[in-house]
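Structures are listed in the sections that come next.
Shared chain: chain A. Partners: chain B in the first complex, chain C in the second.
Presenting the complex of A and B:
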């Protein structure tokens, strides 16, 4: 499997506060990664650097051998934690926007996802509930055939039944040419999706391990492993 | 570019835009009625209407620029994620202001026709229109440039504890009201003063001044786009 994202000694400071403190890691094609960590671990900052939203940092980040910027935006599908769409948009506008600006957007898949997630095309975005907005974000982002998916707390606000449905769709439609990084602290939401996990703590990657290795070697779930690691971190 | 422009123009369907666009002809009509019903002088109406109509242009323009605010705060918005140069995005915002400029011009034209027989009235000529639009572009470019430069410097300037209060006053702090305030300030106060200094005291010709304004606008617009693309930081 080829490497899609490589990060060497990534440091990002906000004034005197250090958000990322020398992150080193690699991400391979065809895998779904969990970027797990407590609040303020640096997950969102890491994804923003990869999405070319934060351009000032130290260290090296390469997506397909290229520094994040204008060129990589066409290959990266980023789903932010916060607000995303314009208030004036209807659901159909959001789909059209993605279709117009991203060459890898699959309209047929978008139509399918809108139907599956019960999103009305004529609904104004501002009238959608938090959960429905989260569904719309997932629908448009997952409809791209991007090389790298960066999803930040993607399932926040989504009800358990819909979450199951989306996870099924993600598993069934995940392209082996792509890579997905799911940043979350809700491990139970994404447990079944992950091939590999990277635990981020105080701006550093403290563990990198395959999901199967956790299950086979210690008989633990990823959630249990996470709790054990972070309890020990807290104790030290 | 066409697609960017399409999405900028779609914003005109928002209620806020419709209200402001609707207010502009209403103001013109009100001005005309005030002259005929209450005898308010045509000169006063023309000056007042020009100013108020200009507020309309600025309000709508500020709405277009609002999507850049997230670039300097903590939210994310789609225009920052699409794989297109920020210069195109800034140009599309300028082009999208054409309908509102057309409304302004139409309302102004209606007043000039209505008051065409009034003696001693000074109407805008072609050069003045050119200057007005040039200064408008200059003001907008300066504003975006200022935000982008401020954002790029933000994390690099570590202030001593005693001076941290300055952060609260920082000119790069951006929200909806600061956008409106900055644009109003630049357009209503600085721009007329600036052009007065040039034309009255330095006695520069209007055509040379227009050239300077358009050249400065182009440089600032390009700088703003580069700063947004290469150094924006949020």
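Presenting the complex of A and C:
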């Protein structure tokens, strides 16, 4: 399996504040990664750099050997934290918009996902509940046949049924050709999904470890390992 | 399948499949779900299932036939061998735990005999 994303000494500052403080890590094709860390660890900033939404930074980021930009946007699908659609849109408009924008958008899959997630095409996005908006975001993003999926807090504000549906869809979407990076603090939801975990703390990757290695070495779940690492971090 | 988060998941799935073969839920020659199907059924990462199938294939418990699918290996002794392994493993865990707590082998044997005698007795009254 090849390397799909490599990050070397990535630094991003906002004036006095340092969001990413020299991130070094690599991601391989065909795996599901968890990017875990507390709020303000830099997860969103990291994903935005990879998604070519933040273009000013120091260090090197390469997606299939190319710097994030227009070319990579065509094969990177980004699910943002927060609102994603225009107020005037209905569900069908959101799908059309995505379809227009992205060559790799799979309409048939989108139809299927809308149905699975019980989204009505004629519903105004404005009128959707938080959970339904989350479902719609997922539906359009996962309908892309992307090489790299960057999902920022896909489970926030989502009820248990929606959560299960989302996990099922992720498992179905995922294949050896693609890679998923899930930034989340809902570690318990993704225990069974993750191949590898990267812990981000104050803008740096402090741990990179395979999920099974955590379980094998210390008989812990990923969640327990996370707590252990971050409790120690706070102590220092 | 409910799995616990503390043991490598691939090991748990392997144990589950071996148990299914050992106790006849999966029979020799029966076709297994594809990796993707299995991942969906068990709600785990497909890479985990890939690993499981590869390991089971190494142990010759399942066989992959190119273009046709993955099947439980044929061979009448397979189920019996797996049953033995499961019993061995459970016994080992049971005995190790009690030894760790400080019980002597003689005490362990006594407890086991009493338990089995009671269980047999219960069966008689059912």
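Convention: the second predicted complex is superposed on the first by the 236 of 236 C-alpha atoms of A that agree within 3 Å, B and C clash if a C-alpha of one lies under 4 Å from a C-alpha of the other, contacts with A are read in each partner's own complex, and residues count from 1 in each chain.
One rule holds in what follows: a residue touches a chain if its C-beta (ideal position, glycine included) is under 8 Å from a C-beta of that chain, and two chains touch if they have at least 3 such contacts.
Bear in mind that the values here come from a model prediction, so they are computed numbers and not experimental data.
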Next on the checklist: So in the superposed three-chain picture, is A:87 touching just chain B, just chain C, both, or none of them (first/second/both/neither)?
Outcome noted: first
Checklist entry - Which of the two partners, first being chain B and second being chain C, lies in contact with A:101: first, second, both, or neither? => result first
Checklist entry - Touching A:70 in the superposition: chain B (first), chain C (second), both, neither? => result first
Next on the checklist: After the superposition on A, what does A:25 contact: first (chain B), second (chain C), both or neither?
Outcome noted: neither
Next on the checklist: Is A:16 touching anything from chain B or chain C once the two structures are fitted on A? First, second, both or neither.
Outcome noted: first
Next on the checklist: Per the contact definition in the header, classify A:221: touching chain B only (first), chain C only (second), both, or neither.
Outcome noted: second
Checklist entry - Can you list the residues of chain A that meet both chain B and chain C? => result none
Item to check | chain B-facing residues of chain A, complex | outcome: 13-16, 48, 51, 53-56, 69-71, 73-74, 78, 80, 82-88, 93, 97, 100-102
Checklist entry - What does chain C use to touch chain A in their complex? => result 3-10, 36, 39-40, 42-48
Item to check | Footprint of chain C on chain A - complex, ascending | outcome: 30-32, 167-168, 171-172, 174-175, 188, 191-195, 211-212, 215-216, 219-224
Next on the checklist: Show me the residue ranges of chain B that touch chain A in the complex, using the header's touch definition.
Outcome noted: 3, 6-7, 10-11, 13-14, 67, 70, 74-78, 80-85, 152, 154-156, 158, 229-234
